[in-house]
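Encoded as structure tokens, here's the structure I'll be asking about.
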Amino acid sequence: MGPIGANEFLFILQGLKWTALLAVIGFIGGGVFGILIAVTRVSKSATARAVAAAYIGLFQGTPLLMQLFVVYYGVALVGINVSAWLAVAIAFTLHASAFLGEIWRGSIQAVPKGQTEAANALGLHYVSRMKDVILPQALKISMPATIGFLVQLIKGTSLAAIVGFIELARAGQIISNQTYRPLLVFGIVGTIYFIICWPLSHFGTALEKRMAKAAR
Amino acid sequence: MISLEKVEKWYGAFHALKDINLTVRKGEKIVLCGPSGSGKSTLIRCINVLETIEGGRITVGGRVVDGSSKAVDAIRREVGMVFQSFNLFPHMTVLQNCALAPMRVRGMGRAEAEALARKYLERVRILDQADKYPAQLSGGQQQRVAIARALCLEPKIMLFDEPTSALDPEMVKEVLDTMISLARDGMTMICVTHEMGFARQVADRVIFMASGEIIEEAEPDVFFTSPKHERTKTFLGEILAHH
Amino acid sequence: MNYQFDFGAVFERAPELLWATLGTFGLAFAGMALALVIGVVGVIGRTSPNKIVRAPVIAFVEIVRNTPFLVQIFYIYFALPLMGIRLNPTATAIIALGINGGAYAIEIIRGGVESIGKGQVEAGYALGLHKADVFRLIVLKPALRAIYPSLTSQFIMLTLTTSVCTSIAAYELTSAAQRIESDTFRSFEVYFLVTGIYLVISTVMMGIFALISRRYFSYPTR
Amino acid sequence: ASLEEVKAKGTIVVGIQGDNAPWGFVNSSGTQDGFDADVATLFAKEIGVNVQFQPLAVANRIPALTTGKVDILFATMAMTEERAKSIQYSKPYAANTIALYAAKADKVSTAEDLAGWEIGVPKSSSQDKAVTDAVGSSATVRRFDDDAATIQALISGQVKAVGGNQFYGQRLEAAAAGTYERKIDFLTTYNGVGTRLGEKDWNDTVNAFIDKIKANGELAAITKKWMGIELPQFPESIPNIPFTVN
Amino acid sequence: MISLEKVEKWYGAFHALKDINLTVRKGEKIVLCGPSGSGKSTLIRCINVLETIEGGRITVGGRVVDGSSKAVDAIRREVGMVFQSFNLFPHMTVLQNCALAPMRVRGMGRAEAEALARKYLERVRILDQADKYPAQLSGGQQQRVAIARALCLEPKIMLFDEPTSALDPEMVKEVLDTMISLARDGMTMICVTHEMGFARQVADRVIFMASGEIIEEAEPDVFFTSPKHERTKTFLGEILAHH
């Protein structure tokens, strides 16, 4: 039994650093692949659409925890130097890309058809049509949902604790293992999550309200 | 300039265009009218390959519209199109809307494309709004921007699909004036519109469609005063009653 | 890669996996039922004109939605006994899932309730119905129909969240997987297989939801 | 790397646990600490090189050694026949006693007395195996993520007993003085230093080192420092687990 | 049957009803008209307590409308209301829509309630649609169901708030006919409507409101041919121009 002093608190904050980094990596990696998934999901080829749909179905239909386990051990099997960090980053990227892909697919389809037609009539090619016309509008439409998922992702990083990666929740576990004050430690950890997630959630809801108002 | 021969268009089991034959010479102005659902939009959308056809042949500027992406590219560069609902890109300023195609399609640099855009914005008398976003403009202004945007491709042919029907009455005139001035400059034009004043003033020919067919084709004076077909008469009766 | 896959040792434990799958289904369904109850009751509080009723519901929703489930379930399991409420892991898991899903359900259902026109409510009052009847008989079903897709995808997530209940040793699939893993050392095989089972579970769930929708929301709309 | 290469390079890479206090853990200031870290540091000094720690997850310890990512394991490795087929163990340098802890008020002396109880253990730990083997299906075994959760489960009353190691007594005492006691000893496991199979120079050096620190009291001091107990008795041999390369 | 004395209604700072005095006898048919925003809806909504009033007194069937839930219950049982936008419950069949209030409010069994519902569906000539859902009916049919639903309460008074103004022209007649037939049967009715034909045919009195006040009150013949007030004249001029 030990007290929770500055050192312990600092240690938890170090876990926070990894949580943040993990969320950022997942968000960026997931964002890049998510765009690919979204674009594939609305492509002309039925096969490509089916593949993207299957990918989304797979990652939305299985627990993040399992995805972490499978990637963690799967990456090890392929013989890559398994740092927990790499495995967890890959798992989060895969997971996030499926969810963001699906969110963005919806947003792409929410862009009025006239926009595509106008772009076509101007002779714009696929890449320009997507990059200059459709995606910027889709991105705006998707903002509330995207932010909502970011919150989801930040909270989801806590599951990396179960595979032993030392992020915020795991740092809390370690400190509670040293100090034997699990309730206090988890209270602190929960509060830290709340402090990060709540403003984001709030921002997302406000954005949604503003857009709903503008649409009226 | 444009010729359609025996064109057939199906939407699934629905026969949208039936044996359409039409030739448009350089500099000619055609007004296309007819009841809702008669296939007017479909017809002009086939010309710049927004729709594919199931039979017949379309040539634009001597080039056959086949599926090949090369032909599609070439034709879309020759043909500007203005939609009923403007379809401006809401996330770009007026200037950016106009400069986009020159940059992406004709490979211009930004400065050159913007100069071109300014030229055509001036042409439609809206240069002072260049840095606004579409949502900040009135409907009539938006439609003029849409016209300028199409002109920036420096097309040989302009297609208009009911360009004034989404506008409040006060704004119709400013758009029609722009179109009339384009017509005076010798642009080849096909306009779907029910603005009879416009048709009388600029059209070389009025074409009347119903149920996917071209029913009647005549000079405006003849068309409005002595239509041959029953359907044309009924139709004219209806639209004139509302004016 | 010179790893020899061996699913044999894992397949031997099939009965255990089967029971655990049922456990997961059980947790999921019970959690959903509780979430739905919390959602519906919570919505009444959330939309109350009385601030003193509304504020705690809002606080509940915000806290639950902005902290990880892992932290929540841990708290419920270890902190409640200190207040004299001792629940076994299964009950704890159901409560944690219900609370978590319920907070989301409140917000989702609220969206549905707000999408129901004022005219419907007034028509109910004009017919002499009381407030509770108006909510129960007139508002609820169309509201649920309006938000059914979001609610079901939230419930699929809730189903998948049951896997986190392993951390309080609830009886479900992930716990079984971890046990089999520590007995056989066939980590990849176990988790690969169990991931497949989860995929089947969520697919079955979606099928069930579609069936419910067809039965319960079959009335036509324009 | 071979012992010669390590000496030439001047640095030894030690595989260790990163999150298992007090054995091996990254402390609040971010550096590797714990019982294993102290012993490994002493060993590096003995062979005259610098020490570099590589924290490893439980499942990665053996692969990291066999693939050469680390030179040696001071990684809280309980010696088992199974593992001895993959790595070379040294003589034991630490012991781990698995026992059952429960409230003083509860009368229990054999595993049979536990019928119908709920017993907590950390998931996949030695306690897990020992308790599960001992009670079979007569009691319910609840498996938690770690020691803290297990101990909290007992204190919260979520379980009636826990399977613990030698630290549990001290921790339970700190949490609720005078309430719990050690009831049944299941088994004692011994930790050895891991080196690659067949590498005799490593194994010999480690064994000599262990003999030395056992004799001069340094191991006893480290044991006292981290575990609060005296140096336990170590067996001379364990069946099917050779301490030396033959 | 109904009396309003010095009724005052405020929405925040907005004075919606000003010193309203009105007595409706049993069997009387009142038509309420006036420009948009004049307070017609507000007035009839006060009668069955969908709105609370800030001053004055309303009695319905001898019972004072105070805030008490007992009075509210009693009054709502006596008063049927039909809305502009029908407000049928989309998740219930026509029969269920009609049987709901008898079961929940008057405590009938299902069989009895459904028999009652059938009776009134017959009355509005729509019994053959009893098992359809509202979305499957035309607007006119929906409004007749709404009337039947209100009738199932067996109310002594019916309130109509522009029951035909959301309908396509073809459907207005079927609803008006239903209302006329109700009027013939002696139902006490207050109708907000601008259907002048209906007013002439059935109204005992026409009441004209403007800006929350009752401006004029007269028999239909007098009202339409020789209105006293300027505002009434302007208003009549406007609505007659459209007919």
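Read from first to last, the chains carry the letters A, B, C, D and E; within each, the first residue is number 1.
Basically, a residue touches a chain if its C-beta (ideal position, glycine included) is under 8 Å from a C-beta of that chain, and two chains touch if they have at least 3 such contacts.
Chains and their UniProt names: A, C = Amino acid ABC transporter permease; B, E = Amino acid ABC transporter ATP-binding protein.
Predicted model, so just to flag it, every value in this text is computed and none were measured.
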item: Topological distance between chain A and chain D, in contact steps; value: 1
item: Chain of greatest Cα-centre distance to chain C; value: B
item: Contact-richer chain pair [C-D vs C-E]; value: C-E
item: From chain A, the most remote chain by mean C-alpha position; value: E
item: Chain A and chain B, separation of their C-alpha mean positions in angstrom; value: 45
item: Distance from chain D to chain B - Cα centre to Cα centre, in angstrom; value: 81
item: Centre-to-centre distance between chain C and chain A (centres being mean Cα positions), rounded to whole Å; value: 21
item: Touching two or more other chains - residue numbers and ranges from chain A; value: 73, 76, 162, 182-183
item: Contacts with 2+ other chains: residues of chain D; value: 59, 145, 149, 152
item: Shared interface positions of chain B, touching two or more other chains; value: none
item: Complete list of chain pairs which touch one another; value: A-B, A-C, A-D, C-D, C-E
item: Interfacial residue positions of chain A with respect to chain C in the complex; value: 57-58, 60-67, 69-70, 73-74, 76-79, 151, 155-156, 158-159, 161-162, 169, 182-183, 186-187, 189-190, 193-194, 197-198, 201
item: Residue ranges of chain C in contact with chain A within the complex; value: 1, 3, 62-63, 65-72, 74-75, 78-79, 82, 153, 156, 160-164, 166-167, 174, 177, 187-188, 191-192, 194-195, 198-199, 202-203
item: Of chain C, residues touching chain E in the complex; value: 117, 119-120, 122-123, 125-129, 133, 137-138, 141-142, 145, 217, 219-222
item: Touching residues on chain D, where the partner in the complex is chain C; value: 59, 120, 123-124, 128, 142-145, 149, 152-153, 156-158
item: Chain D partner contacts - residues on chain A that touch it in the complex; value: 1, 7-8, 10-11, 14, 73, 76, 81-82, 84, 162, 164, 166, 170, 173-178, 180, 182-183
